[in-house]
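Next, two complexes with chain A in common: one pairs it with chain B, the other with chain C.
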Partner chain A sequence: MATSTDTGPTATRYIAEFKEFLEETWLGYALILPAAILMSVIIIYPTLRGIQLAFFEASLLNPEQQTFVGLQNIAQMIADTTFREALWHTVLLTSVAVSLQYLLGLGLALALKEKVPGAGLFRSLSMITWVLPIIVMVIVFRFMTQSGFGPVNIVLGSLGMETAAWFGRPGVAFPLIVLMHVWRNTPFYAIALMAAMRSIPETQYEAARLDGAGPLQQFRYITLPQISYVSMIMIVLHVIFTFNNFDIVYLSTGGGPLGNTEVLATYIYKQAFQQYAMGYAASIGVAMLLIMMVFTVVYASLEARE
Partner chain B sequence: MSDNSSTSGLGRRSLVKALGIGATAGLAGCAGGNGAADQMGGNGGSDSDTETSGNGGGDEPAPLFWNYAFPNDDTPPIWRDEFLANAEERLGRRPRMGRFTYEDLRQKFLTGARTGDPDAIEGVLSHLTEYVKAGHLENLTDFAERLEFFDGYVESAVDAVTYRGDLYGLPYSGNARALIFRTDVLDELGQDPPETAAEFHEIGRLINSEYDDVQAYHNCTKDGSVRAFQEWMSHVYQHTDQLYVPDGESWSLNIDADQLGQVFDNWYYQVYAAEDPIGNPDQLGTGWQVNDPGYLNGEFAFIECGPWLRGWTAGDNVNDSEATKQLLDNDTGVAHLPVGEGGSRGSFLEVKPVMVNSHSDQKANAKRTIAAFAEPDTIRAMGEDTPGFAMTPVHEDVESTITNENWQPFTEVFETGRALAKIGWGQVREPFYGYMQEVAYGETDPYEAGQQFHDELTSLESEL
Partner chain C sequence: MATETNTRTAESTDRSFADRIDAWLAEDMSPKRALAVYAVIGVYIAFLLLPVAYMMMATFTSPDFLYSPRLVPALGELTLDNYVAVLSTGLFQQYFVNSAIVATSTTLLTLVVGTLAAYSLSRFEYFGRSGLLFSFLGTQMLPRVLVLIPFFLVMFTLGLIDSLLGIIIAHSVLGIPLGTWLLKGYFDDIPRSLDEAAKMDGCSHLDILWRIIVPMSLPGITVAGFYTFILSWNDFLFVSILSQTAATRTLPFGLQLFQSQNTIAWELLLTAATLTMIPVVLLFAVFQQWVVEGLATGGMKGS
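Right, the complex of A and B next:
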């Protein structure tokens, strides 16, 4: 009897808690439903449509007339030397630009964390490069490297060095594209990493110093592990942004000179809007999506292991 | 309990992380640029300002008209005001307008015309062909023939907007590309304007040897530059009336490989890659942004250009407004483009049309809108506002805005202009940039490039 008396209230409590949990959960589902539907419409549908289109031959001018070609677009892509060059340029641009951005941003964040003069001003001004419209940034860079009256050439000329329209020079155009990415994004890395560093309790550094840890060890064992999550987010996002980047390359060089700066995004654009080859362009888009997904999964599993 | 919480917290964190990663990976297919929507808005120098200038009106909204025509500067909007007044007279209200660059207009219309918006659109000739092939343009033949001013259009302008016997646009502006040259430089050297490519190269080399601060010639070599394509087409038209001619339901290439090679040789190899180039190889890979301002600032002795240069005497690209005025008023001449061996006079004819969306649900109003835009009164106002646009008017009721006799030859050059054949030009343009740059950068022999390009153009015959 005593047992049944004890079990009754306990069961009632569990049922009540379960009901509450259900109510809370369903409320949660209900709240995220509009966003989920919106995401489905603007992300899932176009992605699935793009994947489907990759197996068809379709013209931009008559997109409703589609012919199923199976894996023909994939075979064409594998045999396409311009695609392979564009893929190489994309990978190179992404790895070099993101590495430089991260390293420079980290260095800048470490410097700003210390009480250096002008740090406050830098923090206020640093986002300018990131919020500046890309077209404005490209015009500024093109003007600076303009043959004749560009400031870069004026300086080079006054030093007796070679001058040129540098965006038109094979071998120089690509590093300039990397430079634009780095110039634009490094301050953003610095601000994000500095914010992560500031959330680390000072007591941890004090304890480390008492244990005899030097600055390098403090960085290795305290700072780095605790900024790794922000680092991962920054790197994953910027790898995706850089890998997909179209506007910086297209506006500054159009993919030239001599295809030296052709990347997958500009190549897709040319296939879709110049050659009208929507199916082939979609198949390259699917290849980009797969590469990014592989990258993301590998990176996420590495992060989880840590 | 503590352990459970921590496990659960980790699980949620991992879940949120996984969802975040999934979303970002998903965005890989959708996002470009650096993520922010406003940055994407900056692509291609997009310049949109949709406005509603409603003035009364009925139940349906005023027709939407997309254009890139009206000047976007601080000068009084004479042309735009005249158009709006004429449109109001024809429609009973003012159309809504959106302003985009031509490249943006093309992309947005090709991908979104089926929604019915915009109702009317302005563009360039190659757009008209693409829109017709995509089924986005309304046949205007019957409507145009009923217009009170239709008979006054210049025949070549009407032909340019006609496809297989039907009219798909109303022309409002036209020009052809001419050789613009420094009369003071040629006078000083005792030279006449060159008529052949060989004379042009000779005079160009003479200029380079005599002047330190003036380069003989510049043309556009940037990958994807529309102007570069138009310059190349001008020289192609010196060898053939049309690059492609109709062949039943298909098209046939109408030029020899040698002729393509000669164009590459005369206008790219000799200009940039030869031992004594007449252009400056350091300016390879540049477009109109260097070409036109370069001439206006006195850097080049020759360029190929349309009449819009005439009124360009101020702005960010002009270093010294007074010097540029002097240059354009007194020291500039206009001539036919020098002709290559075996060729004859010819030039790229640019005709700009206004068109009606075939998917629009108010086609009648859209037609009235384009009629208001292309009628002589509006064209006259265009000439008053932007004289360079009406130096070679497409309507006989509009007088040419040429007031300086040095610029008079544009009228003759206009008569040699040839409009683009009605094919999808994207497939021709794309390989052109590759071969042109290979020649200009000295990577490929011009005649070898001509042969390869010829083979590629031939393979496109059935796809155009």
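Right, the complex of A and C next:
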């Protein structure tokens, strides 16, 4: 490049540079084009249509015919008790499951980062629940708690306690769903938090010890602040995952018994694909999206302020 | 140690409990501490693995045991009948093949598209670059059920309902954002001086990508590929919408083969579930070191 421009006049040099710049830019766009097209057609366009749909009344059976109804879907949503219950279940499930996952994951991370023999093996074993298909996890839990001869009931029965089909029991189904979320995702927190803890230089702890800080203080003033970024990533990711998750609830209880575990995702699915109320379902989806955006922005700005 | 305690009792009076815990923890790796670590890990691993291990054991037993109020089978009740029955079911074979085709194609498509996109994001400057990455990642936040309704209509228009290609494209789109982001993190770590050197030697951009960037990011490509494969293999929601006949059904959706309205053939369902998870568990076993490391550090890298 340099050799060709040295000899020519300034204008030629500028043109050459501009050409190269254009070529580079063109190639940059060309390389990202396949991804951009796929994303736009399959996800981004449907999302925008979904948001638009929230202001229409439309049936899945006859999608061509759509009537603009303004904010009527939102009014319907506010008056809908099933929606309000589903919203409450979703918020409760998300906050309880994510808190438990974080606390257990933190405890497990503290244990896994210790240099005891065999910890490496445990570290690799623990992630296995995270790769299992959700349907397999649900089948395992349903089998363990089934009414006839599920192992949980065999144990309970031999202790002289009550046996039941626990997924069909109001008051038990919801905690079971929380348990499945915890079972599946806690190891992920543990692995990520452990990696963050290990990247803290040992010298900081040594200095703190010289200053007379005990392990609890070291944890509070050295470990916690330095894992707060990874903690935020983990918590935001899992709040979004749990809040939006459909499979775990739908496959294990389908929202039952008696709507006890109905969450927003399953309610939308039923509205859209069983009641064919596309517009109403879309408006609930938009509400979910707004809640998640507000949550993420607030959390990220709180984290940035610290 | 003694001076340490003295200085802190001066600070506050009700620290004694915390001090006792501190003193206990401060004995660096005493047998007590090692034991505590093992206890925590042991209890947790049992909680994680016992249910799965019990299911796997149950698949090797006859219904005589499975429908009896006993927790441990007798030796005579061990059998491979369930595996013979499930594996010889024609539909199960078909679902398995479908799953393999879909997950493999999804992984390849995502890796090719994602690698090109990540290279573009990592090495080029152009208008809208950060906006693109941001909107890719933003799609991860969308409630899938919201996307699903118009998505169904789009796929219908494109004629991709009830076709494996439609499922492959849908799964790829789910994998591309995180895959691209992970790959970009790995690409960013490769010094640009290598690119420049290759350029001097007359390499084109695609040469650089293929000869330098890709070989040096194999761990990252493995992690992204593994993530995409399990995402596709495990997906239920999109297959349940796109698949209308047995010809396009994959395993997670196909497992209902063994349960009807009122009865569940547990011995077959558990066996089919075990066979469904074996490929992802095997892949995980092979790649776990890279995967665990990549997931642990990926979050920090890409930012």
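Assume the second predicted complex is superposed on the first by the 259 of 306 C-alpha atoms of A that agree within 3 Å, B and C clash if a C-alpha of one lies under 4 Å from a C-alpha of the other, contacts with A are read in each partner's own complex, and residues count from 1 in each chain.
Note that a contact is a pair of C-beta atoms (placed from the backbone, for glycine too) under 8 Å apart; a residue touches a chain by one contact, two chains touch by 3 or more.
From a predicted model like this one, the values you see are computed outputs, not experimental measurements.
K.L.:
Putting chain B and chain C onto chain A via the overlay, clash or fit?
P.N.:
Clash: chain B and chain C overlap once superposed on chain A.
K.L.:
Does the superposition put A:42 against chain B (first), chain C (second), both, or neither?
P.N.:
Both partners, chain B and chain C.
K.L.:
Counting only touches as set out at the top, which of chain B and chain C does A:253 meet: first, second, both, neither?
P.N.:
first
K.L.:
After lining up the shared chain so the two structures overlap, which partner does A:276 touch, if you call chain B first and chain C second: first, second, both or neither?
P.N.:
first
K.L.:
Classify the contacts of A:183 with the two partner chains as first (chain B alone), second (chain C alone), both, or neither.
P.N.:
The second partner, chain C, only.
K.L.:
Looking at A:114 after the superposition, I want to know if it touches chain B, chain C, both of them or none. Which is it: first, second, both, neither?
P.N.:
Only chain C; A:114 stays clear of chain B.
K.L.:
Is A:86 touching anything from chain B or chain C once the two structures are fitted on A? First, second, both or neither.
P.N.:
After superposing on A, A:86 lies clear of both chain B and chain C.
K.L.:
Is A:289 contacted by the first partner chain B, the second partner chain C, both or neither?
P.N.:
both
K.L.:
Applying the touch criterion given at the start, work out whether A:173 contacts chain B, chain C, both or neither, answering first, second, both or neither.
P.N.:
After superposing on A, A:173 lies in contact with chain B but is clear of chain C.
K.L.:
Compare chain B and chain C by how many residues of chain A each one touches, and report the one with more.
P.N.:
Touching more of chain A: C.
K.L.:
Determine, under the contact definition given at the top, whether A:165 touches first (chain B), second (chain C), both, or neither.
P.N.:
First partner only, chain B.
K.L.:
Using the superposition described at the top, list the residues of chain A that contact chain B and also contact chain C.
P.N.:
39, 42-44, 46-47, 50, 60, 131, 133-136, 146, 148-149, 233, 240, 243-244, 246-247, 251, 265, 273, 285, 288-289, 292-293, 296
K.L.:
Mind listing the chain A positions that touch chain B in their complex?
P.N.:
39, 42-44, 46-47, 50, 60-62, 130-131, 133-136, 142, 146-149, 163-165, 167-170, 173, 184-185, 233, 236-237, 240-241, 243-248, 250-251, 253-259, 265, 270, 273-276, 285, 288-289, 292-293, 296, 300, 303-304
K.L.:
Which part of chain C faces chain A closely enough to touch in the complex?
P.N.:
Residue positions touching the partner: 3-4, 7-8, 18-19, 21-23, 25-26, 29, 33-34, 36-38, 40-41, 44-45, 47-49, 51-52, 54-55, 58, 66-71, 112-114, 116-117, 119-121, 123-126, 129, 132, 135-136, 139-154, 158, 169-170, 172-173, 176-177, 180, 205, 230, 233-234, 236-237, 241, 251-252, 255, 264, 266, 269-270, 273-274, 276-277, 280-281, 283-284, 288-289, 291-293, 295-297, 299-300.
K.L.:
Any idea which chain A residues touch chain C in the complex?
P.N.:
For chain A paired with chain C, touching residues are 24-25, 27-32, 34-36, 38-39, 41-47, 49-50, 53, 60, 63, 104, 107-108, 111-112, 114-116, 118-119, 122-129, 131-136, 139-141, 143-144, 146, 148-149, 151, 154-155, 157-158, 183, 186-188, 191-192, 194-196, 199, 212, 214-217, 229-230, 233-234, 240, 243-244, 246-247, 251, 264-265, 268-269, 272-273, 278, 281-282, 285-286, 288-289, 292-293, 296.
K.L.:
What residues of chain B sit close enough to touch chain A in their complex?
P.N.:
Chain B reaches chain A through residues 14, 17-18, 20-21, 23-36, 38-46, 106-107, 110-111, 130, 133-135, 221-225, 280, 282-286, 289-290, 294, 299, 319, 424, 426-427, 429-430, 433-434, 437-438, 441, 443.
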